[in-house]
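What follows is a set of structures for review.
After this come two complexes, each holding chain A, first together with chain B and then together with chain C.
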Partner chain A sequence: MEILVYGIINSVTLALMALGFTLVYGVSRLPNFAHGALYVLTGYITWQLLNRLGLPYFLAGFLSLALVGGVGALMYHFILERIRGMAISEIIASYAIGLAILEGLRWAGLKGGTFILKPFIEGSLNIAGVSVDYQRVLAVVLGAALVGFLWLFVNQTRLGLALKGMAQDERAAMTLGIDSDRMAVVAMALGSIFAGVAALVLMPLGSIIVESGYQVLILAVAVCIVGGLGSWTGALLAAFVIGFAQILTVSYLGAHWQMVVALVAIILTLVLRPSGLFGKQKELEERV
Partner chain B sequence: MARHHEGMRKERLDRGIKVRSDGVYAVGSWREMAFLLAPRLVLILGLLALPLALAQAPYWQKVLSIICIYALLAIGFDFLAHFVGLVSLGGALYIGVGAYLAALLNTELGLPVWATIPLATVLGGGVCTLLLWPCLPLRGVYFAIVSLMFPLLASRIIEALDVFGGTDGVIGVAGFPGVWVEQYLLVVCLLLILFGLRRLVNEDVGLVFRGVKDNDQAVKASGINITTFKALGVFIAASLGCLGGAILAHIYNWAGISQFALDFSIIPIAATVVGGGGTLVGPVIGCLILVPISELLRDFGTLRIAVYALILMAFIVFKSEGLMSFGARKYNQSESWVEI
Partner chain C sequence: MFEALGLMVFYENMLALNNVSLTCGEHQIIGVFGANSAGKSTLMYTLSGLMLDIAKKEQRAGGERITIRGQLNYRGGDIMNLRPSERARAGIILCPERRRIFPESSVLENLRIASYLATPQQAAETLEFVFNLFPPLTKITKRLGGFLSGGEQQMLAIGRTLMAQPKLLLLDEPLLGLSPAIQYWLAKAIKEIAEQRGAAIIVAEQYARPIMPIIHYGYILENGSAVVEGDKDQLMNNPDVKSAYFGA
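== the complex of A and B ==
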């Protein structure tokens, strides 16, 4: 039972981390290696707003989400747009941005222990004999809400449909008057905000540390590869597969092996089913 | 610039001497030979003279060793990225594997330095190739992502299993007999590898490598197994990194998990971008510039990684050809503005 409850929580956590990455990749084919950095950045900004300016929690949260969304959009518009389509440069440049943010934050004094966000709600809940604190329940609820919001946004709004169109066929979208650069900026801003939401929900469970930036990036990438890059359903499913695999390894093998699961999952996926659980043939060609 | 040259265009022509020295007739004239040899001699003699020039400054001699190690890694990265088409973001894996192998061979089996370094180079190259083997069919982004994970995970696994000395690392590794041996071993290795690899990429094998990068379907259609060639490319690049790692372990008399650190992954990439990708010499020049900057910034801790990341970003966006290609163009071609 414990495995089931914590498995679900862990899976939703992973899905939260991966949604932003897969959104950006799906729309603009840009592997955003700065994803983890944006995640940590949100936590840091929120902490500063809360403790330096004394803003209330929700205001600080929203402000930092807006800021991080802006950072993502600017980053795309001024740097990544110039090297669009050059795969090697895209990887290196976005990784460099991520590194600059993360190591800059580390230099600015971001260390484990001191920077801690309070949970939104204290206390814990008893689900079928397993005690779960409210923050984790909230993470699951918010995760589900976010997925629902994404689905509605993509299928019901003009902007969302434009994004979807770009993801499916960029040229066709352009002939219909969709500005692909603008859409990519929107996607990047949204992706950054998603990273930020994940940070706001998940960071109160631990402290804000630089290392979690790399960890989030790796996990997000693992989920996306297993699920098939750019496929949202696949990413969700993969989050559950990896999430449960991790919990099972932790309870039967030990906590040290948790990260190895991600790598093994990637390698197994690539060997057995290179296009991912939900990948399409087109992606297969790109990969192998 | 552009405003002053309204209605004009920049014309670039190969210098006469460049054209003449391209052919076999270059050997007929001292001038042409000098034109060809000058840049190469500057590099070779410069690198050979550096340890002597720094003899009074032991600290900067150490820095030179570090530069050479990074340069080995960077040449490997450049080769893999621009000739085989695999972007490896995890150079630290090679350094770490090389360092640990050399350290273990030395402390556990008691092999001397001159045996551990070549053994660690070859075995390390093999180990890294085997580790990366399942990922070899991957292209671009996917390979980059997976290779990024390896060094991060390697240090975790060593910590978790508490093997190879755990977080303390392997201590008591034998040092070099003297500082000159260390310096000249590195410099000579670097030069040999640099010119050897340049030769290699212009041979038939190099042609296949570039084919794998540019159009792997065509290579496949010619009945050549691309995975074999990718594995060979990774082996070469990984061996270079392992050589650097092995020497590093002997310089510091120690191998530990910090040799899987991020510096080893990011500096070679930055050096390649700054120096000019696809030239093989460029990364060496990049290292000669970036590593001393890194040493000067050592007091600022991790800020230096942020600084490289910014330099890297600036170069990739604004000057993506790199210093070496820029220099080569100025050296070989004359530019002038002409009426359209």
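== the complex of A and C ==
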């Protein structure tokens, strides 16, 4: 029972971390290696707004999400747009931006212990004999809400449908009046906000540290590779596969094996099924 | 309404389009005929603006140097420097070669994505028109684009461009890979589009026979140059065109 409950929580956590990354990659084929940095940045900005300016929690959260969304959009507009389509340069540039943000934060004095976000709600809950704190329950609820929001956005709104078109065939979308760069800006902003939401929900479970930026990036990449790059359903499924595998490892092998699971999953996927669980994009392409 | 003057396109030093000029009036259907590698797709890419995007990407990646020269006049302004999405917004919509259907979206979703530039009223009205024009699509609205037959894909591709509210529709090889019966049926549908949607249409095609009867004016493209032009009677009576395209 404990495995089931914590497996679900861990899976949703992973999905939260990975959704933004897979959204950006799916729409613009842009691997955003600054994803983890945006995650930490959100936590840092929120902490500053809370403690320096004394803003209420919700306001601080929304403001920092807006700011991080803006950072993502500007990052694309001023840097990534010029090297679009050259995969290696995209990786180097986005990773460099991520390094600059993370190490910049370290320089600005961000270190473990002092920077702590309070949980939204204190206390814990008893689910079928397993004690779970409210913050983790909230993470699952928000994670589900975010997936629901993404689904509605992508299937029911004009902008969301345009993103979906751009994700499938850039050139065809362009002939229909959908602008490639504008969609990439939208995707980057949304992806950054998703990283921010993950940070706001998950950071109260620990403290804000620079290292979690790298960890989130590794986990997001692992989830996306296992799920099939750019596939949103694949990422969700992979989050559950890796999430449960991690919890099983923790309870049967020990906690320090947890990170290895994600790395082994990357290697196994690349060896056995390089296009990922949901590499259906390729199969369909061959039919057309 | 639309006028291309002295279009030249170079891939490095290779001349893909050599001084091509064409005009298209309101509600007219213009044919551009030519064999493979005559420059039809290059012409269509240049008219729709995709060539600008291709050139930009090649330049970024340090690939081929693509040079575009000439003038494109559309409704009183030069549109040569407008990006593809801006040209689409102005009403110039390309139906690309090989259709490029969104493979993971259903037929209906393909059409909904394409209504990006339309108001909700326009989208609803056009959707009805598309389903009336291509009745087979109504039976497969839920099927994924990747699983359609060639004919179904082409109907969907044309339907998709209609959703974007074209004033000038560019069709690049719409008959490619289709059976003769469907080719004639599609040619009739293209004529209906020009008449009922009030759109001007430029069709680039290898198969002149089904398209020739519906055009107002046509051009024959050879090695990047427009070697012959004329209305359909002039074209069909030209001995060179006859032997090359009608096997007589």
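Annotations
Following the convention adopted for this analysis, the second predicted complex is superposed on the first by the 280 of 288 C-alpha atoms of A that agree within 3 Å, B and C clash if a C-alpha of one lies under 4 Å from a C-alpha of the other, contacts with A are read in each partner's own complex, and residues count from 1 in each chain.
Keep this in mind: a residue touches a chain if its C-beta (ideal position, glycine included) is under 8 Å from a C-beta of that chain, and two chains touch if they have at least 3 such contacts.
What you are looking at is a predicted structure, and each value in this text was computed from that prediction instead of being measured.
Considered on the superposed chain A, chain B and chain C are sterically compatible, since they fit side by side.
Of the two partner chains placed around the shared chain by superposition, chain B is the only one that A:A93 touches, whereas chain C remains out of contact. Between the C-alpha centres of chain B and chain C, as viewed from that of chain A, the superposed structures give an angle of 90°, to the nearest 10.
Once the two complexes are laid over each other on the shared chain, residue contacts for A:A172 go to chain C alone; chain B is not touched.
In the superposition on chain A, A:R82 makes contact with both chain B and chain C.
Between chain B and chain C, B contacts the larger number of chain A residues. Once the two complexes are overlaid on the shared chain, A:L263 sits against chain B while remaining clear of chain C.
Legend: residue contacts after superposition of the two complexes on their common chain; A:V24 is shown touching neither chain B nor chain C.
Of the two partner chains placed by superposition, only chain C is touched by A:R158; chain B is not. Judged by the touch definition given at the top, the superposed model places A:L41 against neither chain B nor chain C. Of all C-alpha pairs linking chain B and chain C after the chain A fit, the shortest spans 10 Å.
On chain A, the patch touched by chain B and the patch touched by chain C overlap at residues 82-83, 287-288. Across the complex, chain C meets chain A through its residues 48, 50, 53, 57, 60-61, 83-85, 88-89, 93-96, 100-105, 109, 112-117, 144-147, 153, 160-161, 163-164.
Residues 31, 79, 82-83, 87-89, 91-93, 95-101, 103-104, 106-107, 214, 218, 221, 225, 229, 254, 256-257, 259-260, 262-263, 266-267, 270-271, 274, 286-288 of chain A are the ones that touch chain B when the two sit in their complex.
Listing the residues of chain B that touch chain A in their complex gives 81, 87, 89, 134-135, 137-142, 144-146, 148-150, 152-153, 156-157, 159-161, 262, 266, 269-270, 273, 300-303, 305-306, 308-310, 312-313, 316-317, 320. Contact residues on chain A toward chain C in their complex (touch as defined above): 82-86, 155, 158, 161-162, 164-165, 168-169, 171-180, 182, 280-281, 284-285, 287-288.
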